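Two complexes follow with chain A in common, the first pairing it with chain B and the second with chain C.
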Partner chain A sequence: MTAALRYELRMQLRRPDLWSVTAVTVVLLWLLTARSLPIFLSEDPRTAMIRAIIICNVPLPIGYAFLLADRLVRDERLGVAALLDATPSSRPGRLLGKYLGCAAATALPVATIYFGFSAVYTIRNGAPQALSWALAMFATITVPALLFVGAVSLCGPLVMPTAVFRVLFVGYWMWSSYLVPPKLVPTLTQTVIYPMGGYPIQVFFGYRGGHASGGSDWAGPVPGALFNALRPAPTVATAWLSIAVIVGLAALTLSAAHLVCERRTR
Partner chain B sequence: MRFFDRWRYEARRAGRATLLAPWLVTALLAAGATLAARTAGNGAIPRTLLSAVEMAIPLVVGVSAASLVGRDPAVELQLAMPAGYRGTLLRRWAVTVAASALLAAGLCGGLMASGWWARWPRTHGVLLGQLTWAAPVCWLAGLGLLAGAVLRGPAAAATVVTAPWLLEQLLPDQLQAHQWSRLLYLFATTGGRDADWGPNRFVLLASSVPLAAGAWLLLGQTQRLLGGETG
Partner chain C sequence: MRIQISHLTKTFWRGARALDDITLTVPTGMFGLLGPNGAGKTTLMRVLAGVLHPSNGRVLVGDHDIATRTGRSSIQRTLGYLPQDLGVYPDLTAREFLDYIGLLKGLDNRTGRRRRASELLEVVSLTSAADRKLKTYSSGMRRRVGIAQALLADPRLLIVDEPTAGLDPEERIRFRTLLAQLAGERTVVLSTHIVDDIAQTCRELAVLAHGRLVFRGTADDLTARAAGHVWTVATTGPAPGDGVLVSALPQPGGVRYRVVAGTPPPGAEPSTPTLEDGYLALSRQREITPAS
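== the complex of A and B ==
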């Protein structure tokens, strides 16, 4: 597993596409935040960091998913999957190593962009606590989301063409984002499987409002909406449950991918 | 190989799943709209179908176009064929665009025949109304092919196509504030100003020509096509 992780990490970091996608998403983020950036910089550290992570979590996981989408199917296309199967390494270990290596390398630009903003904020405002907030938010909001998106992106193209997966992922990400009001459209927003981390945002960091769909809650039931069974009241326990469910879904997706690969080899 | 054989082969090479992708996306949106009709009222269904025509189908075309370059396993062999590889890619591109155009035109026809089209305030008659999908489809298809030709990596090229689409989804109000951005706004039927609709569709169609021409020029440079990332 460790060898696969190391190799995949290096391979992904040396891939020109990683840096092209990062450049495009940086331009996109700049265009999205050009007006609100001065406002972010003048807010208190916690609010500034949470707003930055909310904005980053719309476009960055899309580029991240695009980059990971071809990693697993690539082995089969290049004809090295059968060759790797003949080595003494275990298939689950290789899959896990590939997943963690690719995901870590692709998450590096995401982390650099977010912590870059935190560093600018800290230097400009002389508020080192911003970095602690940024670290806590990245660990509880972005990391579970990236683990889930990474697993789905590695496995989705096993059952459909990569281009189709990329389009469906954009649709899924927009549909399950805070941009869609759950009252009007059946969506995963504010549920425990909401991948943008509504429960940690509201419970751990006490953030409300700033919702593009007009509401102020990030987690919990919405009167009259579908899927309210997945929206327990926001508490510390349900926030941890939300993180556990998202990471669990990532593990489940990877297990499914392992089964699909096993079946194809037979 | 005869003319029709080449087109038939490229339709098969584009892949059934890629050609069915716009249908799949539209079916998913329609299913979502049917569920949404429970809470948002019956207007949700025509609104969603119109969104599929102007937003979802063009994105499918753009990402598919961006994925054309760099996925053939033996480009060297293709480049050595009497039929130029540029022509092969352009045929595959045309098949991909045509499959989506067929669905979009059919959806428009269905919306018009059912009377749902007239329920939307910004509609423009039977023929002009087809520009609802034609303009964003052509623009994103041109951008996708150009991005594919420049970057030779489907992941990066698909990101280039998705970026303006996403930006226009997230900042509709800011983009309506300037004349130049209103003219390049992809979703002028569902989210733009009525007065700018005609010029906007014209500018999108006209600007898709240099995008496609740029791709055509780049795809003619054989050495650029070798060594691209597959995916």
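== the complex of A and C ==
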């Protein structure tokens, strides 16, 4: 596993696309937030950091998914798969190493953008606690989301063309984001499997409001909406449950991918 | 390390049968596997390398059964495999690529692994390009990287599928010689459709066609299949109609043809058969039906 992790990390970091997609995303984020940036910077540290993470979590996972989508299927495309399968290394171990290596490398720009903003805020306002908030938020909101998106993006193209997966992923991400009001359309918003981390946002960091769909809640039941069975009342337990479910779905996706690969050799 | 294959069948999804009831023993030393494109050679190589699972039958490599996880793993620890469609990671250098494959092969000692990679890069004449990214390599150079990775863990079993494809004549001869030198205590299975590669290196061989074994014996046995059926004829007219045309050599006043045929074409002279003639005679005789 460590060999795959080390070399997949290295290859992904050397990929020019990683840095060009990051540059484009930074420009996009700048265009979207340039006007509200001074307001962000004048918020209290916790609110500023949570707002920044909410904004980052809309476009960045899309770029992240795009960059991971070809990593697993390219072994077959490049003709390396047979060579790797002929080594005594375990296939699940290699898959896990590839997943963690690629995901870590691709998360680096995401982290750089977010912590870059945190650093600017900290220096401008002389508020070092912003960095602590940023770290806690990144660990409980962004990391589970990236683990989930990483697994889906790595494995999805095993069952469909990469280009189709990318298009579908954009649709899925926008649909499941807070941009779509759950009362109007059945969505995953405010459920425990909401990958943008509604439960941690509301429970751990006490953030409410600022919802693009007009609501103020980030987790819990929505009167009249579908999927309310997946929207338990927001508590510390359900917030951790939400994180566990999202990470568990990532593990499940990787297991399914392993079975697909294994079946292809039979 | 002896390989015993019993009633091996490999059926792919949707019922395509790539290997059909193959029973074959491969002894220690160089062993050639011949056959036309689509004969099932690559599938057999992939099964032997543990990349594909047999649908039916049994494969023993030494004492290890390839159908079990532990057996497969034990075989792969002693295996060097050069696939037909070898790919490389374009963003890695040759040295890094060898290091990665070495790690996957269980060469955990960093110093030893790097030293071995350097030695093999020297063997395949890539030392000066070792730190260049593989995307800058020609197909022949990539092939040489493939050869180097196959030799990384000092394998006891070497499976090479069309190893000389893409190599220039000098490299081809050098690689053939290297394989023959490696054979000794090892088992080297060389799969190719280039008869000359087998003729120059293997005493024993098998021929596959349509997924079935159609010949198993020595190179001399296969050559003998063409005895009395090889003819040369010089003519200004069309090529002889019957038999298999082996070669056509333009010469002053016409073309000199070499054919494998049951009956001599008009004006033909008998010729001494080669392994290629034997292979073509077998193809012609069997068209092609299984060996008993």
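Annotations for the structure displayed:
Everything that follows uses one rule, which is that the second predicted complex is superposed on the first by the 266 of 266 C-alpha atoms of A that agree within 3 Å, B and C clash if a C-alpha of one lies under 4 Å from a C-alpha of the other, contacts with A are read in each partner's own complex, and residues count from 1 in each chain.
The definition used in the following text is that contacts are C-beta pairs under 8 Å (C-beta built on N, C-alpha and C of every residue); 3 or more make two chains touch, one makes a residue touch a chain.
Predicted model only: the values in this text are computed from it and were never measured.
With both structures placed on the common chain, the touch criterion links A:Phe227 to neither chain B nor chain C. Residue contacts after overlaying the shared chain place A:Val27 against chain B, while chain C stays out of touching range. Once the two complexes are laid over each other on the shared chain, residue contacts for A:Arg15 go to chain B and to chain C alike. After overlaying the two complexes on the shared chain, residue contacts for A:Trp175 are found with chain B alone; chain C is out of touch.
Once the two complexes are overlaid on the shared chain, A:Arg35 sits against chain B while remaining clear of chain C. Of the two partner chains, neither chain B nor chain C is touched by A:Phe115. With both complexes placed on chain A, chain A has more residues touched by B than by the other of chain B and chain C.
In the superposition on the C-alpha atoms of chain A, the part of chain A touched by chain B in one complex and by chain C in the other spans residues 15, 77-78. Contact residues of chain A toward chain C in the complex are 2-4, 6-7, 10-11, 14-15, 77-89, 94, 265-266. Taken together, the chain A residues at the contact with chain B in this complex read 15-17, 20-21, 24-25, 27-28, 31-32, 35, 58-59, 62-63, 66-67, 69-70, 74, 77-78, 160-164, 166-168, 170-171, 174-175, 179, 183-186, 212, 224-226.
Against chain A, the residues of chain C that register as touching in their complex are 46, 49-53, 55, 73, 76-77, 79, 81, 83, 85-92, 96, 100-101, 103-106, 146, 149. Residues of chain B that touch chain A in their complex: 15, 17-18, 21, 24-25, 28-29, 32, 35-36, 38-40, 44, 56, 59-60, 63-64, 66-67, 73, 151, 153-156, 158-160, 162-163, 165-167, 169-171, 174, 229-231.
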